[in-house]
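We just call them A, B, C, D and E in the order they show up, numbering each chain from 1.
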Amino acid sequence: MNLLLDGLLVLALLWSAWRALASPDLARAVVLFIVFGLLMALAWARLNAPDIALAEAAIGAGLTGALLLDALGRLQPGTGAPAPESPAQPPANRAGRRWTGSVALVAGLLAAALAYALFQLPAPTVRLPEQVAANMAASGVDHPVTAVLLNFRGYDTLLEVAVLLIALIGLLTLGPAAGRPAAPGPANPLLKALARLLVPLMILSAGYLLWAGAHRPGGAFQAGALLAAAAVLLHLAQLLPAWASPGRLLRLGLAGGFLIFLGVAAALLAEGALLTYPPAQAGGLILLIEAGLTVSLGLILAGLFLLFAGAEERP
Amino acid sequence: MTGLEAPLALFLLVNLLAALVRAARGPTAADRMLAALLFGSTGVGMLLLLAYAGGGAPLVDAALVLALLAAIAGVAFAQRAWHRDREGGDDA
Amino acid sequence: MSAGLLYALAGVLLFALGLGGIVLLRHALRRILAFNVMGSGAFLVLVGLAQRDGGADPVPQAMVLTGIVVAVAATALALALLRRLPEDRP
Amino acid sequence: MNGLLDPLPWLILLPLAWASLAFLLGPGRGGRLALAGLAGQLALALWLARRLIEGGPVSHAVGGWGAPLGIDLYADGLSAVMLLLTQAVALPLAFYARAYFAQGAGQFWPLAGFLLAAMNALFLAADLFNLYVTLELLGLAAVGLVALGGGAEPSRAALRYLVVSLAASGAYLLGVALIYGSYGTVAIAPLTPLIAAQAPLAVGLAAGLMLLGLVAKSALFPFHFWLPPAHGGAPAPVSALLSALVVKAAFYLILRLWLGPFAPLTADWGWLPALAGAGAILWGSWQALRTPRLKQLVAWSTVAQLGYLFLIFPLFGLKEPALQAGTLQAVAHGLAKAAMFAAAGILLKATGRDAVDGLAGVAGRLPLTLFAFGLAGVTLMGLPPSAGFLAKWLLIDAALEQGLWPLVAIVLAGGLLAAAYVFRVLRQAFLLAPEAQQFHPVPRRLEWAAFGLAAASVLLGLRGVELMALLGIGVAP
Amino acid sequence: MLEALSALLLLAGAGFYLAGTVGLLRFPDVYARLHALTKADNLGLGLTVLGLALQADSLAAALKLLLIWPLALAASATVSHAIARRAAGLGLKPWRPEEKRP
């Protein structure tokens, strides 16, 4: 039974990915890619990785989908002309077809070699899950994934928040959108009602996820993604205008979480090494960092969608 | 734990795929947007069944998040498609 | 053939599909989709392989969480760059 | 060792701190903050070098957990030299950038700060997945910098650079996934004996994927197409940072993996990078000779000079001399290329045109800039007493010892071609200026920054001994 | 007893999901398919939620489950409204019996 469910889910994943990349029409490609995101969330659920299922659902359906659809809206001018379809079919001329064939062959060979290699893998010599379980008591949290994310490999997470911040700074460097802003349609009253109903619940759920992160799947990323999704919904319902370049307070909000994390990391140097949480205060410090990260990640992820979105282009 | 959850999850997945193939191939743009509807209902249903088929309570949180966000993908698409339609043309 | 190994195989196929897509597809938005498919494939291999003998391993799961956030950041920046390109030749 | 007095974490935290504070201050601000930060980083790098010379390789267990569970930072001779190069190039470029971006640098300072933090983190990292995150941070910061110029062309170049960088990171990530699947850990220290003991096919494929991804990031010959538009189109301080430092990070990582964990796998594959390197030298120099635009010429010169770095791979029979040759070439090229791009930026600002044939009469107007361009050219050509000469000498010496004659021919040909495209610019500069040509005034500080870098690349040739001594620490013979 | 009731509810829910899918495949035009999807699938979800709520180990878990259903209803209502409005804008006429089946 399980293998049948997993097998079918894998087939669905491959089909939706293939159709998304090979579909002639751009809009259908984006919709199928969003479906691929949903199927990935189910796959993570089957791989008993609930944290990732949560993150995939929150970021995949909520944010990446909205980002792609917004980009799609800008690409296809509303002038009735069908989208500049660049058909994904291989080009007509012979050289093009040979090139496509050879690349497909190389990719196929790579996949075959990797698949063959996967079956010969010996059992791994180092067993990290046992080590994580052994050190769980000193990590200050009860949920293993949060312990690894914030404590054992907290340095990865510090750099990763920097990656998110630098993506936003890259966005600011580019300034207002040159493409046609997605002119909002007529205000949809039902959408405003839905937004007023859902947004408070989303904020409550984000708080719940942040708090749950210490002892069960949840945490700053999923909570931040949920806050960002709430901001996206408000923007789509035209209750929240697009952001121009951020003022002093918004910049503090954007970089605040990262600065808190950096400050704690530097302060903990006195404990002997970077990010060495004293076991007694580890839980409290992690919660402080996660709270700061939730707010900042929510603002950054919302900023990735809202910055210069729909800003009228002043030529 | 009625032992029914896993087979029902499989049944839902079959439903989801059949509906997706139909929606993806649907001629008009509106048909394609039906795929967005499936998120809310079938996607959440599957996550709930998987939660009780051994996936554990956290999957219920995932279902809650998906239920909250299902509207966004659908509305973002409608908003974008709606914008296209005001000027009349369509790629149907 | 444990579930983990099955998903790792799916990950390998998705990776190859995404890599082929990045090289072959001409439209920039499609290349961004192909990159995300490739990234999801690599994540599936990371978790699937680590859990091929059953048992959830929190370390690769934390890595994939980090990877997903990095992928969203890269996708958002790529889409912002896409907005700057002239309409005719994306 | 109390963490507060350990230079390793501060080399990463300091740039992260001043970059995010520069972001807080708002667009265009943060120049002075950057200068202070970079001065501190240079001092830290020198302090680290001194500690290495006294006590050998230094490591720092982040979080206090130790290698397989936690992440380690590790510094040996190679990383110390690269750290010194990074800070030594970045500080003068910061002076240059403050004067160059007269009307406000937009987000230059936060982007540059995160870029430098990513480079320092990469030189100190000893964990494969941590290296993936630093590579992504480096890539996204570099793409942001390339797109700093604004406009359609830089955006297209930045998008192509981003797509190549993401594809390469994806391949690298799959390699890390396969290695974690095979051994259960991604920390380099415990991995090396594990891979030496038993390397199944999956680990071989993983090594291939990771090295291929890094080669694409370092713009080696078959994957060089994204570099000229990206580096050529960006503002001068950005092109200098990218060409001098960012591509070196990927080269350093290839070296670290090739000699470290993957040594048993890559033992007899040295000819492949050398072949690509030779192609890079010939193709890059040829394109540099033909391109009409000045900054494109310097960018193609980067593609060519990168080829030299990869010529050392077949010579790893004797690890010590080959490593010295490669590292010295990287340092010499870093300093010289930063000076050349800085000088090119001044020439472009002064003449208002990015064209080689628009440089007529520059020698009279901007003697110091042209002298800096010439000095940098001396290093690229490999004429004594420059560091470039010392690097090429070591390379030829090592090649002769192992009887690889074609390498010697390639090195000499590369030097001659470099001379050709450098003199192409100098010849233009000494022509008489047409009357219509009017020169915009250029702040003196710009010229002194460019001259300082060029002089350093030449004088380093005289003081190479300490660098070689530092490099030897921690490198198994 | 609770076990049997829960199983019954789950099966009924699955039945409605099936009805929704068959409706999507068989109905002639978008509007009819909207009915199928929005009504049948959501009822299927509702019954599934009720079935699982009976097995929930604590009241809090049951209430969380029951919270999910109205959210899904609200989302489906809004999205199907947007789709119907979109289809009307497209000029899609609802299907008339006298027309030939597509």
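One rule holds for everything that comes next: contacts are C-beta pairs under 8 Å (C-beta built on N, C-alpha and C of every residue); 3 or more make two chains touch, one makes a residue touch a chain.
Since the model is a prediction, treat every value here as computed from it, not as a measurement.
Peer 1: In how few steps can one go from chain D to chain E if every step must land on a touching chain?
Peer 2: Graph distance in the chain contact network comes out at 2.
Peer 1: Using C-alpha centres only, name the chain that sits farthest from chain C.
Peer 2: E
Peer 1: Please indicate which chain is farthest from chain B, where distance is taken between mean Cα coordinates of the chains.
Peer 2: D
Peer 1: Taking each chain's centre as the mean of its CA atoms, how far is chain A from chain E in angstrom?
Peer 2: Going by mean C-alpha positions, chain A sits 28 Å from chain E.
Peer 1: If you average the Cα atoms of chain B and of chain E to get two centres, how far apart are those centres in Å?
Peer 2: Centre separation, chain B to chain E: 11 Å.
Peer 1: Quick one: report the Å distance separating chain C from chain E, using the average Cα coordinate of each chain.
Peer 2: Computed from C-alpha means, the inter-chain centre distance equals 32 Å.
Peer 1: As a quick test, compute the distance in whole Å between the mean CA positions of chain B and chain D.
Peer 2: 48
Peer 1: If I count partner chains per residue in chain E, which residues reach a count of at least 2?
Peer 2: Those would be 71, 74-75, 78, 82, 85.
Peer 1: Quick check: what residues of chain B touch more than one other chain, meaning two or more?
Peer 2: Within chain B, residues 29, 33, 36, 51, 57, 64, 68, 70-71, 75, 79, 81-82, 86, 90 contact more than one other chain.
Peer 1: Any chance you could list the residues of chain D touching two or more other chains?
Peer 2: 129, 133, 136, 140, 143-144, 147, 152, 155, 178, 181-182, 184
Peer 1: What pairs of chains are touching here?
Peer 2: Taking the chains two at a time, the touching pairs are A-B, A-C, A-D, A-E, B-E, C-D.
Peer 1: Write out the stretch or stretches of chain A touching chain C in their complex.
Peer 2: Chain A reaches chain C through residues 2-3, 6-7, 10, 13-14, 17-18, 20-21, 26, 29-30, 33, 36, 40, 43-44, 46-49, 51-52, 55-56, 59, 63-64, 67-68, 70-72, 74-75, 77, 84, 86, 88, 90, 100, 103-104, 107-108, 110-111, 114-115, 118-119, 121, 123-124, 128-129, 132, 144-145, 147-149, 152-153, 156-157, 160, 163-164, 166-167, 170-171, 174, 177-179, 221, 297, 301, 304-305.
Peer 1: Quick check on the complex: what are the chain D residues that touch chain C?
Peer 2: Counting only chain D, the residues touching chain C are 129, 132-133, 136, 139-140, 143-144, 147, 152, 155-156, 158-159, 162-163, 166-167, 170-171, 173-174, 176-178, 180-182, 184.
Peer 1: Over in the complex, which chain B residues touch chain A? Could you list them?
Peer 2: Going through chain B, the ones touching chain A are 6-7, 9-10, 13-14, 16-17, 20, 24, 29, 32-33, 35-36, 39, 43, 46-47, 50-51, 55-59, 61-62, 64-66, 68-73, 75-77, 79-84, 86-91.
Peer 1: Can you list the residues on chain C that touch chain A in the complex?
Peer 2: Listed in rising order, the residues of chain C that touch chain A are 1, 3-10, 12-21, 23-27, 29-30, 32-34, 36-37, 40, 43-44, 47-53, 55-59, 61-66, 68-70, 72-77, 79-84, 87-88, 90.
Peer 1: In their shared complex, at which residues does chain A touch chain D?
Peer 2: Where chain A meets chain D, its residues are 113-114, 116-118, 120-122, 124-128, 131-132, 135, 151-156, 159-160, 162-163, 165-167, 169-170, 172-175, 178, 245, 248, 251-252, 254-255, 258-259, 262, 265-266, 268-277.
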